[in-house]
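Okay, so chain A shows up in both of these, paired with chain B first and chain C after.
Moving on to the complex of A and B:
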């Protein structure tokens, strides 16, 4: 068993266990932190697969920005996790078994998808081991990004600009509550101010 | 070297975890996290195929970069929406958010 395979298996177990805890953990903040750990595991797998630039981008964007943003959002908005019932995901599954939307159907859908894909992967023919890439990954990715994929690159920058504008416009705090919605908006605003 | 089906199998398991989370959770923030898990598993697939099918021209890695960009934009906008809803209603249960305007 090569070193690559061992590190892949270890990183895969880390990723899967923390991914499970994202769904199953009772505390919302714990779920967000486990999400960060899962992203770190995926970044390690990128390194094993020879995608160094992507691993660095994963650490910077996912672990550094997205997880921080989610944690920040949880803390700012003071969200309490909904009482989902039961401590873990299996207690919830058993309790909700009778309900259509949260019981058997999602479980069958998710497990069925996983089993179907694993069976297909097992029976398919796969390409033989490819030789490792020649040259540095960073140079290759950079050259492709600015020659062949330059149009998607520019579109991505426009998307980011639109997202920034949208996020700022949405989260801007209006001093004057909009007319017509004062009845429901005012108590919540007062509660925030009094805190 | 890691066989390609291992990578794809890990991605499938991660995707089904995220799928289960999206289908069953009621907290909007947690649904967002599960969606991030699913996006990550798709990126794993792309990188795995890029490693095996065209190691010298890794187009899959570039697609993974674009997926990351869109995911970052999506999280920013979605969290802003969730914060607005939480400020107005003190609740992010998606079963109770069924009006476009209130």
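Moving on to the complex of A and C:
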């Protein structure tokens, strides 16, 4: 067993277990931190595969920014779930595993899927292509991003723009009377812009 | 090192739309008159339509083969632009009444259109995925913009959860296909398949994931559970936009991925599409019968119609593709038209129950008759456009030796008649509680008139349009 394989298995287990704990923990803060851990695991897998730039980006963006944002979001929003659960993470995990809906069904489904895919992978021939030499990785990614993949790159920025717009539109608080039962709402000119 | 095929002229329609979207957001800050935004949006759509002209009739792979300009892309872009323009028109009054944030609403609508453009005009799985994601992200927000309405928020959350899971499935499929064929470009994938990769089980699994991912987007039967709630809860113009535009974009992506990329596995996927088609149309029609809310009825009807369109993929011939395209074109107009009438009734103070349509024939004869024509077209009664749409699909199925599928289609059309007629009966035979005429804003009248003319024209002179669509399908 090569070192790569061992690291891959260890990182994979870290990712999977923390991924399960994200959905299984009742305490939102724990879930957010486990999410961060699973991102770290994925970053490790990228490193094993020789994609250092991707690993660095994963750490910077997902672990550094997104997890932090989620934690801040939980802290500023006054959620009751935060207190729920307390410290007994592992006790809860054991209880979850024992329960049918939260433990058995998802685990059996996931394991079944994993075995099925493993069987399929085993039967296939994968193109025996050596991974690109590491070291020049960053330069290659950079060049590709601004030549061959320039259109997808720009589309991604449009997606981000749409996401920002949508998030702002949904989270902006209106000071307007509820319009759910509308019918004779005020004409547009008279209404106050809620901002 | 430069990009091969750097061509701004052929990319202009997309660029204009993105610019329009950004412009709308900025314009929103400076004007209290939100109608201006609709006019600006319509101008942008028109400019984008004009920008399609240079690319008409040419086939080109531009920007390092990321964007494909051909007649199929052109066809779908025209459909998307028509849907967007009509959605802008029917939104005008609705957005004011429901006090939706106008700038974001219209801008997101335009951005979603850009996403649809990309889904239809690329032979690269990465770009198709990004287009899909752009449509999805813009739609999550659009669906949830009625913030005071719990159903809208619920619809948005459901759509977000199901759709992100679907995107993951689709991405996983892409990764498997990429892993075996070593390429994201559909023509290269087809070559690898022809060279013997088709027998790989992994590729088969990847094909299944791609199929499931896109089947979610078009709300085919086992993957439809988000659709009724989402279409019911979202703002009505957005329901119309998603049912016609986003669904057509899903079918465009299906056509590209399966006919261009995976023809080597056609034996497998035609069977799957045939099964999906039968299940989808039957489920949609049978469930629609018991609906009492008009938007839910339209949602289940949309599922059923998606089933009819899937027939075109099940036969996988040029004729089938042409029939699909024709049906999608017709479907876009008749459905947006029907939604325009629904918006009119909802705006007049009544709700969105079928019983709210009582006496519409007296309150507003024009809109009542318009809805009759849309519904006749949706059932497929001659001489409406929907009849020729179904006839084409029907003959494509027979030509491909799938007579049983054609028979199922006919049976389903018969099943679908009662629930459409229930609405028509309510409009004409039941008395309204209040008999005062409905005030119709100009924007809704225009939208209804345009869709009505197209629905009737496509029924009266189907041959010219169909021969064009045949050409388009031949170029795939």
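Keep this in mind: the second predicted complex is superposed on the first by the 134 of 195 C-alpha atoms of A that agree within 3 Å, B and C clash if a C-alpha of one lies under 4 Å from a C-alpha of the other, contacts with A are read in each partner's own complex, and residues count from 1 in each chain.
Throughout what follows, a contact is a pair of C-beta atoms (placed from the backbone, for glycine too) under 8 Å apart; a residue touches a chain by one contact, two chains touch by 3 or more.
Model, not experiment: these values are computed from the prediction.
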item	value
Chain B versus chain C as contact partner of A:159, first or second or both or neither	both
Touching partner for A:147 - first (chain B), second (chain C), both, neither	second
Touched partner set for A:126, first chain B, second chain C, both or neither	both
Superposition-derived comparison: chain B or chain C, residues of chain A touched	B
Which superposed partner A:170 touches (first chain B, second chain C, both, neither)	both
First, second, both or neither for A:49, with chain B first and chain C second	first
Intersection of chain A interface sets (partners chain B, chain C)	117, 121, 124, 126-127, 129, 149, 152, 156, 159, 162-163, 166-168, 170, 184-185, 188-189, 191
Contact set on chain B toward chain A in their complex	1-10, 12-21, 23-27, 29-30, 32-34, 36-37, 40, 43-44, 47-48, 50-53, 55-59, 61-62, 64-66, 68-77, 79-84, 86-90, 92-93, 102
Contact set on chain A toward chain C in their complex	117, 120-121, 123-127, 129, 143, 147-152, 155-156, 158-159, 161-163, 165-170, 172, 174, 176, 178-180, 182-185, 187-189, 191, 193-194
Contact set on chain C toward chain A in their complex	1-3, 18, 21-22, 25, 32-35, 63-64, 66-67, 96-99, 101, 104-105, 107-108, 111-112, 114, 118, 124, 126-127, 130-131, 133-134, 137-138, 140-142, 144-150, 156, 179-180, 182, 200-203, 205, 349
Touching residues on chain A, where the partner in the complex is chain B	2, 4-5, 8, 12, 15-16, 19-20, 22-23, 28, 31-32, 35, 38-39, 42, 45-46, 48-51, 53-54, 57-58, 61-62, 65-66, 69-70, 73-74, 76-79, 81-82, 84, 92, 96, 101-102, 105-107, 109-111, 113-114, 117-118, 121-122, 124, 126-127, 129-135, 137, 140-141, 144-145, 149, 152, 156, 159-160, 162-164, 166-168, 170-171, 181, 184-185, 188-189, 191-192
